[in-house]
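There are two complexes below, and they share subunit A, which is joined by subunit B in the first and by subunit C in the second.
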Partner chain A sequence: MAILEVKDLKKTFGKNPVIKGLNFSMAEGEILGILGPNGAGKTTTLQMLLGILTPTSGTINVFDKDISTHKSDILEHMNFSSTYTDLPWRITVAENLIWTSWLYNIPDRKQRLKKIKTIFRLDKIWSQSFGSLSAGQRTRVNLARSMVNFPKILLLDEPTASLDPEVAAYMREFFSDQRTKFNTSIILTSHNMAEVEELCDRVLILKEGSIIGNDTPSNLAKKIEFSHLRLRVTKNATELDKLISLRKLESSIDDHNYTITIKEKLLPLILYEITKKNINYSEISIDKPKLEDYFLKIAKGGSSEAP
Partner chain B sequence: MKLHRIWGLTLRYLYLFKHSLDRLSDAFFWPTVDIVLWGMTSSFFAKNLEGGGNTLILGLLGGIILWIFPWRSQYEIAVNLLEDLWNRNLVNIFASPVKFGEWVTTLLLLGVGKALISFIYASFLIYFLYSANILSVGLVLVPWAVLLIMFGWVFGLLVAGIIMRYGTKIQTLAWTSIYIVAPFAAIYYPVSSLPSWAQNIAHFVPASYVFEAMRAAVDGTPLPLANLLWPTFLCLVYFVIAIAMIYRSFNHILKRGLISVD
Partner chain C sequence: MKAYLRVWLKLTAQQFQSQVANARGAAILFIFSKIFRLATAFVFLFVIMDRAKLLVGYNLAQAIFILALFNLISSLTQLFMRGIYLFRQKVVDGTFDFYLLNPLNELFYSLFSNTDPLDLILFLPYLGIVVWAWIGTGFPITLLSILLIILIIVIVEIMILSWHILIISIGVRYLEVDNTIMLYRDLEKMASMPIEIYGKFGSAVLTYVFPFVLMATIPARLVFGLFSPWYLLAFALLALVQLKLSLWFWHRSLLTYSSASS
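For the complex of A and B:
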C-alpha cells in the first residue's frame, strides 16, 4: 500500500521549470533512493515533500492526506535530516533535542531522549554547544533530531556525508533496522552509490526535473552493458594489444596492468582468446556494472533505457 | 493551536537567551544606560526648576521605561527571526508540525515576557536611583502597557515580514525600524511641541496617546481612559494589517522555498 503518492508534481521558478511533472509512490517500509546530478531537482522535490516549498502544480498525498491541507498532521509522523539545515549553534545538544522534541506529540519524552542519546552515541557531546561540534558530530545530532518522533517516513538528504566510515556504517545499519523493526519508510538522497545500493529497495533517477529511471539498484546497473576486465599481464602482452586492436576494445594500460571495457556477452569469448593466444597473467578481476556506472552515464548525458 | 509546540518554540528562544551575553545585555544593559543618562540629565535640569522638578524626572524616566514595551516586543519578534535565519533553523521549525500561527504566537508572547522583565528591572532601577515610582500612576499602567506592546508587535511583525522576504541583508531594520516612529510617539515631549505636520502624523501613532496620558498622570491631571479608544482601534487595525503582511511574506517565501531564505 502506498504511504506516499506524488502526482504530476511541477515546480517552476520564474520561467525556469525545475520539476517537470513527477509521478511516483512509496510503499510502507520501503527505502527509496533519489539520485541525480547536481541541479536535477532532488532537494527541490524533498522540500515539496516536507511542505516547505509550494509546488506550482500537482499533488502530494501522505498517509492518504493532501500535504497542502493537512501539513501539520502529516509532519507529526514525518521527519528529515539535511545538509541544508543546522540547529541553533549557541545552545547545547541536549537543549536542541529537548526543544525539537516538544514540537511533536511524544508521550514519553524523557525516555525517548534517553534512547536517542544512546542510539546516536551522544553521551560525550550531550552538554556541548552545537556550534562547537565537528561536522560529523553535527550530522549525528541532526540525524538524532530527525528520529525524536520515531517517524513513519524519514527523508534523509546526504545523511552520512560527513561521517567517518565506521559511524556511517553504523548509521546505515540503524536505518536499515528501523525499516525492519518498525516498517519505517525512508527517502534517501546520496552521492554515495554504494550506500544507495546497500540501503535502497528502489531508486528514482532524476535528470533536469524528470524521472528517467525508476527501478531496483541492480536492475538499473544492468542497463549498463559493459564490464571491466582487469589483468596483470606477465607474458605475451603484444598479443593482447593485437587482440584489443582487432576487437576495437576500449582499454587503458598502466605498467603491465590492463583495464579492458567489454560488453558482458563478449567476456567468455575474450577470455577464451586470451587463453588460446597464450597470454599469461598473474592477476585477474572482472568488475560487473554498478549503479555508479549507470549514474555516471546519466550524468554525462548518456541516454537511458529506463521506463 | 497546540500548547506543547508553542512551549517547544519558547524553550528554543529561552535557551538562546540563557547562552547569549548579547541578548542578556539587550534586556538589562541598554535600559540601565538610558536610565542613568536621562536620569542624571533630568536631575540636573530639575535642580534649576522651582517646583515640578520631580515631575520632570518622572516624566522623562516614565517615557524611557514605557518605551521599553514597544521596543522590546518589536525587537524580540525581529531578532528571534534573525536568529533562526543565522542558524539555518527556519526549516527545522516549519518542516515540523508547527503551524505558522503557533510560531507567530510564540514570538508575540516572548516579546511580552521580555518587555515585562526589562520593565520590572527598569522600574526598580529608577526607584533606587532617583526615588521615582512609575507604579504610582496606578492601574492605568495596564492598558498603557497593552497598547504599547501591541504597537511593538505591529512593528515587529512588519519588520519580520520584510526580513523574511528580502533576507538578512536588511537585518539592521530589526534594531532600528521602531525609532523611525519614535519622534512622533512623543516619548519625552508633548505632541503639541511638534510642528503641525508632525502632529498630524502623531495622531496616527497610538503610542503618542499613551505618553501624553502618562505625562498628564504624572502632572496629577489624569486623562479619561476613553482617550485610549482611538489608539486602541488604530492598534487593532495596524495589527490585522501586520499579521496579513507577515502571512503574505511567509507564503511568498514558501513559493521560493524556505531553504533559499538567508
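For the complex of A and C:
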C-alpha cells in the first residue's frame, strides 16, 4: 500500500523550473533513496515533502491525505534529520528533546525520552549544551530528535555524513531495524553509495528536476554494461598489449598491473584469449558495476541507459 | 488547540526565565520606557486640552478614556504578537524552516512565539488606567458595555492579526519586515486620538481601510452612547474578510518561499 504518493510535482523559482513534474510513490516500510548530482532537485523535493516549500503545482498525498490541506496531521507522523540543520545551541540536549516532545504532543513523554536516550547513546551528553558538542554528537542528537515522535515516515538527508564509522554502522542498523520492527518508511539522500546500496529497497535518480532512474540499486547498477578486469601480469605482457589493441579496449597500466574496462558479455571471450595466448598472471579480480558507477555516469552527463 | 496553548505557555515561561536570568537591566529599562511613553502621551493630551477644553467635541475625561483604551488594546497586541519584530531574522537564519516542518501551524509560531512577559506585567496597570478613565467620564460601567467592549477587542484583534499576517507575508517574499511594521505602528498610533481630528477623509480611511477606529474611538463612543452596537456586525464581517484576504496573501507568499538553505 502506498503511504506516500507524489503526482506531477513541479516547483519553479521565478522563471526557473527546478522540479519538472515528479511522479513516484513509496510503500509502507520501504526505504527509498533519492540520489542525484548537485542541483538535481533532491533538497527541493525533500522540502516539498516536508511542507517547507509549497509546490508550484502537483500533489503530495501522505497517508491518503493531501499535504496542502492536512499538513499538521501529516507532520505529526513524519520527521526529518539532516547533518546540516542545527538545533538551538544554548539549551542542553535534554531540553532540545523535551521541547521536541512538546511540539509533537507526545503523551508518555518521560518514557519516550528515556528510550531515545538509550537508543542514541546520549547519556554522557544529556546535560551538555548542543553548541558544545562535536559535529558527530550533534548529528546523533539530530537523529534522536527526529525519532522522538516515532515517525511513520522519516526523511534523512545525509544522516551519517559526520559520524565515525562505528556509530554510522550502528545508525544504519538502527534504521534497518525501525523498518523491520515498526514498518517505518524512510526516504534517504546520501552521497555514500555503499550506504544507499545497503539500506535502500529502491532508488530514485534525479537529474535537472526530473526522475531519470527508478529501480532497485542492483538493477540500476546493471545498466552499466562495463566491468573492470584487473590483472597482475607475470609473463607475456606484450601479448596482452596486442590483445588490448586488437580489441580496442580501454585500459591503464601501472607497473605490471593492468586495469581493463570491458563489456560484461565480452568477459568470457577475453579470459579465454588470455589463457590461449599463454599470458600468465599472479592476481586477478573482476569489479562488477556498482550503483556508484551508475551515479558517476549520470553525474558526468551520460544517459541512464547507455554506458 | 490544547497543544497550541501548552506550547505557548511553555514558550512564554522560557522567555520570562531568560529575561529574569539574563536581561534584568534591559527588562527594567523596557518597563520604564513604556511607562514614560504613556506618560508623555498623557502630558501631550493635558497640554492640548488645557488650551482647547474640547477636542472635536470630547472633553478631557473622554479623551483620556480614548487614549487609555488605545493603549490597552495596543499593548494586548504586542503582548501576543511580538514575534513579528524578529520575523525577518527567523527567515534569514532558517528558524522559519523549522516552523514550517513541525506539526504546529507556522503562523502560530511566526506571530506568537515571542510573547513578551513584560507586556503582561504592564497589562494590569493599563487595565486599571482604563477603569479609572472610564469612571472619570461619568458614564456607568454596566455588564453590557463591558461585554460589548470585549467583543470589540476580539474584532479588532482579528483585524490586527490580519495586518500582521500581511506584514509577515511581505517578509517572506521580500525579507522586509522592520519598515513595514513601523509603518503599521505609525498608522495604528493615529487611533490614539479621537478620529474626528483627521477630518472626513482621514476618518473614513481609519474606519474602512485601516479600521483602527475600533481600537479606541468606537468603543469609547459605545460607552458614551454615541454608537449603535448593531454596527459591530458590519465590523465583524469586515474583520473576517480582512483575515481571509491576509491568509490568501500568506499562502501566495509561501509559494515564492525558497527556504534558508536554498
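To be clear about the criterion, the second predicted complex is superposed on the first by the 304 of 307 C-alpha atoms of A that agree within 3 Å, B and C clash if a C-alpha of one lies under 4 Å from a C-alpha of the other, contacts with A are read in each partner's own complex, and residues count from 1 in each chain.
Criterion: a residue touches a chain if its C-beta (ideal position, glycine included) is under 8 Å from a C-beta of that chain, and two chains touch if they have at least 3 such contacts.
What you see is a predicted model; the values in this text were computed from it and never measured.
Overlap between subunit B and subunit C is detected when the two structures are superposed via subunit A. Taking subunit A as the reference chain, the count of touched residues is higher for B when subunit B and subunit C are set side by side. Using the contact criterion defined above for the overlaid structures, shared-chain residue A:Arg145 touches subunit B, although it does not reach subunit C.
In the superposition on chain A, A:Ser101 contacts subunit B only, with no contact to subunit C. Of the two partner chains placed around the shared chain by superposition, neither subunit B nor subunit C is touched by A:Val93.
Contact with neither subunit B nor subunit C is seen for A:Val196 once the two complexes are overlaid on the shared chain.
With both structures placed on the common chain, the touch criterion links A:Ser72 to subunit B and to subunit C.
In the superposition on chain A, A:Thr54 makes contact with both subunit B and subunit C. In the superposition on chain A, A:Ser129 makes contact with subunit B only, not with subunit C. On subunit A, the surface touched by subunit B in one complex and the surface touched by subunit C in the other have residues 13, 43-44, 47, 50-54, 72-73, 75-76, 80, 84-86, 99, 102-105 in common. Touching subunit C in their complex are the following residues of subunit A: 13, 43-44, 47, 50-54, 56, 72-73, 75-76, 80, 84-86, 99, 102-105. Within the complex formed with subunit A, the residues of subunit B that make contact are 2, 4-5, 7-9, 11-12, 15-16, 18-20, 83-84, 87-89, 91-99, 251, 254-259. Per the touch definition, subunit A reaches subunit B in the complex via residues 13, 43-44, 47, 50-54, 71-73, 75-76, 79-80, 82, 84-92, 95, 98-105, 129, 145.
Within the complex formed with subunit A, the subunit C residues making contact are 3, 6-7, 10, 94, 97-98, 100-105, 251, 254-259, 261-262.
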